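Both of the next two complexes hold chain A, though its partner changes from chain B to chain C.
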Partner chain A sequence: MEKIKKFFLPRPIILSSGKIVQPKLSPMVYILPILGIAIYYSAQLTRFKFSTLINRGSQFFVIVGRMIPPNPAYFERAWMPLLITILMSVFGTIIGSAFSLPAAYVSSENMVKNKYAKLAFRAIFSILRTIPLLILAIIFRNIFGLGAFAGTMAVGVFTFTIMTKMFYELIDTADMGPFEAIESSGASRVQAFWSGIMPQLWGQYIALILYNFEMNIRNAAILGYVGAGGIGILLNERLAWRAYADVGIILIALMVTVYLIESLSRHIRKRLL
Partner chain B sequence: MIQFENVVKTYPNGVQALKGVSLTIEQGEFIAIIGLSGAGKSTLLRSINQMHSITDGTLMVNGVNVSSLKGKALRRFRRDIGMVFQSFNLVKRTTVIKNVLAARVADMPLWKSLLGLYAKEDKLIALEALDQVGILEKAYTRADQLSGGQQQRVALARTVAQQPKIILADEPVASLDPVTSQQVMSDFVKINQDLNITVVANMHHVDIALKYARRVIGIKEGLIVYDGPSTEVTNDILKAVYGRELSDDELMGA
Partner chain C sequence: MTTRKLTVQEQLAKWPSHMVLKVGAVAGLIILLALSYYYIPYPGLTDTGIRIARNILFSIFNPSLDLLLDFSTKNGVVYLLFETAAIAFLGTLIGTLVSIPLAFLSSRNIMPNWFTNLGIALITIIRTFPTVVYGLMFIRVAGPGPFTGVLTLAIASIGMVSKLFIETIEDLDPGIIEALDASGCNTIQKIQYGIIPQLLGNFTSTAIYRFEINVKYATILGMVGAGGIGAPLIFAISAYRWKDVGALLIGLIIFVLVIELISSKIRKKLATGE
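And now, the complex of A and B:
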């Protein structure tokens, strides 16, 4: 073992003064072989083959080719589901964000004095957070039936879990000075939080909401696949029919929408921070 | 009236910050507490409004035994005691007036404070408090655009807007330059005299303490070693409080 180590050890550097500096063994010596093994087994398990990628990968461009030219006439049928997708994200984001505020409060180190209560809340929200959006959509579809309501609820719960974590981390980095001052004046902790902590965080909170909204627009587009409303229904149907020209116009409309919303949101976020 | 009787404070980690403190403070007094870092000054101050609870002895404030207070009664009690901090503790991202109005939320029902529905009267109180410390014209400026001295004045105005009977100040001028310190201390004196509010201030600079306070309390390792008029503080007394002679540059400020 010592011999192997010595083999990898970089050569000593001799200074002009005659002093010798021995550089440390790079951690890469361990990391590279482990990474190599991990990649090999991942490729095995996922049956990743370069030959497949090369042989069949060109099919991707064939499909894209068939989308061109897109069928603009189909937009007449697509705009309504697209609008529903946007509205699902809007309402889902608003609902999820609103509920995340009290949830973040009870999960934050700075606000909750009882360590066990805080940990319990965090545990519940962490478990919720592990549920993927599509699974949430399927659950709510089974509860509320097919349609956009299920999708809105799925986006709402998904946003809630993410926003809660992001926001309690923000609360824990806030300046507690104003909170202490207001609490010492006889206000309750909730009042001191609202008047002493939130004014520090409104900008960041709204920026987080917008950031989640951007993600949700893209996420909501696939919810129709499981029957939870929006443009995904059409996308699924047209792909199944191999009506690629229709798919083309849906994708273009979707891309333009996502682009517009992201630009607007980024513009607002920049001004907030 | 604030009455300490053999007050002991032991922190959960075992540190005994107050080791049996007895003292009486009358309404309207201006008191400076001096002592080395770690002597227990902040602990003494924060026990008065129960930001720290005492572990033994009795502490009465205006006839109320403060250790018995909890929840709503404690919050009601705290409304009569204002607090000023070394680091100002303002919300820097909002306006001066909003910071001062924060002193009014304790008197409001929760839903009103959540919606920010301050009464016209509250706004008047806040503006008058700002006038009292001479920065009325900064009411709609963001707090982070003010100098340190101005920020401490806003903090003082916030406390005045609370309409307290007692103001506790924990090293209120320790992060200000000597000239600004003097101005802020003058504001404290003015408020003390005009409104007959008791002021108890922990002081870092001895000569500022002696200049503005009428009574000085020296504490060392959790015990009171001097309690008397500021005019009677001698070098020997300072030596007893600080454990050694103070050099001239430690007496800076006056």
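And now, the complex of A and C:
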């Protein structure tokens, strides 16, 4: 055992004073074997094959190649679902963020005095947060039926869970001075929160909403795949038909939309913070 | 120019009001909400819908224990979760390995500006495509199965991971490398002692963060036939097998929570050293 340990230890360094310093064992000694085992079993489990990648990998670029040149005529059919996708994310983001404000209040450390209540709220929101957007979309599709409303609800709940976490972390670190001053002058805790804490956080809150909105546009684009409205349904249909030129124009339209919204949102966020 | 102190009212009145901006923002919001109201009609809740909602909610408290505690067959929750984790792990690994050279080639302190702009444009394009679209494209390459999931997550990771890598590389402290240079180190020693220690922590942290995201994506890729726990969950919901839905949802929730916990622990350690 001693011998094995010595084998992995780096060579001791002899200082000019004659003192011998033994550098510490590198953590790589156990990280690398663990990684190796994980890679081996993951490759087994996923049936990873380099031969497929080498033989058929070029197929991916063949598909990309067929998207060029895109078919601009198809835009006439695509712009309406694209608009609905945008509206789904707008509406979902607004609803989700609105509800996240009280939810963040009840799960923040410095607003709620009861420790167990706070932990219970946080646990519920953490569990909700683990459910992926597409699963939410499928659940809401089964409840409300096919269409954009189910997708909007999914985006709303998804935004709600993420915004709640991000915002209670902000409340936790807010300056409590104004809050205490207002509370000591006779205001209730909610009133003190509204006029003592929120003015510090409005900018960051709106920045978070914009950030979530950016993400939602990209996420909402795929919701149509499960019948929850928007551009995804066309993407799925055109890919299934192998009408790659149509897919190309949809993707370009999506890319331009995402780019414009991201630029606008980044501009506003820079002004806010 | 007065020299006396202003009263509170006067000070408030001097603040810019941003009236135009506020009115514009509110008007824009109202237009968007009106459009949403028009284009996203509320379909109403039917009795079936209410029943489904109730069943899904109760399914979590009434899972099929056979499925949840099935450790041996390929249909059990445990195997599906392992498969999901394996897809996310390999996808993250490949995506990260591809991102490293891409990020170095797109960093402004390493390559000339015209070249980095090309790299950044490429990364932006990769990032815009929705993950599921990559999934649908790779199905044509590798056929249905978890391997497709790996390839999809690999390419979907490149966008975010290389973007964060570039930020880390551009933050490199050149002083350390200059100091090593001055003490007579050769190029390999400079990379070993000057560059790798500066990058490794941040790179690992980014990769682990992306793994956390990929685990969530791996659960939905099942929908396009790319393996993982997603497909059985969707089938169970569509077929109204509520007990199975409960088992799969519980498995998924615990799995994601555990991964989030481990990931945040490791990343905290990497960031603070303890």
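Methods note: the second predicted complex is superposed on the first by the 273 of 273 C-alpha atoms of A that agree within 3 Å, B and C clash if a C-alpha of one lies under 4 Å from a C-alpha of the other, contacts with A are read in each partner's own complex, and residues count from 1 in each chain.
One rule holds in what follows: a residue touches a chain if its C-beta (ideal position, glycine included) is under 8 Å from a C-beta of that chain, and two chains touch if they have at least 3 such contacts.
Keep in mind the model is a prediction, meaning the values are calculated, not measured.
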Open item on the list: Quick check on the superposed pair: does A:17 touch chain B, chain C, both, or neither? Answer first, second, both or neither.
Closed with: neither
- [ ] Check whether A:187 is in contact with chain B, with chain C, with both or with neither, and answer first, second, both or neither.
- [x] first
TODO: Figure out whether A:199 sits in contact with chain B (first) or chain C (second), or with both, or with neither.
DONE: first
Task: Contacts of A:177 with chain B and chain C, given as first, second, both or neither - done: first
TODO: Scan A:114 for contacts with chain B and chain C and give back first, second, both or neither.
DONE: neither
- [ ] Once the structures are superposed on A, label A:131 by its partner contacts, choosing first (chain B), second (chain C), both or neither.
- [x] second
- [ ] Tell me which partner A:49 touches in the superposition: chain B (first), chain C (second), both or neither.
- [x] second
TODO: State whether chain B or chain C is in contact with more residues of chain A in the superposed arrangement.
DONE: C
- [ ] Starting from the residues of chain A touching chain B, keep only those that also touch chain C in the other complex, and list them.
- [x] none
Open item on the list: Please output the residues of chain A touching chain C within their complex, sorted ascending.
Closed with: 38-39, 41-43, 45-49, 52-53, 56-57, 59-60, 63-64, 83-84, 87-88, 90-91, 94, 126-127, 130-135, 138-139, 142-145, 147-149, 152, 218-219, 221-222, 225-226, 229, 232, 235-236, 239, 247, 251, 254-255, 258-259
Task: List of chain C residues in touch with chain A within their complex - done: 29, 32-33, 35-36, 39-43, 45-46, 49-50, 52-53, 56, 82-83, 85-87, 89-90, 93, 124-125, 128-133, 136-138, 140-142, 145-147, 149-151, 216-217, 219-220, 223-224, 227, 230, 233-234, 237-238, 249, 252-253, 256-257, 260
- [ ] Please name which positions on chain B make contact with chain A in the complex.
- [x] 49, 51, 75-83, 85, 87-94, 98-99, 102-103, 105-108, 110, 113-114, 155, 158-159, 162
Task: Residue ranges of chain A touching chain B (in the complex, touch as defined) - done: 175, 177-178, 180-188, 190-192, 194-196, 199-200, 203
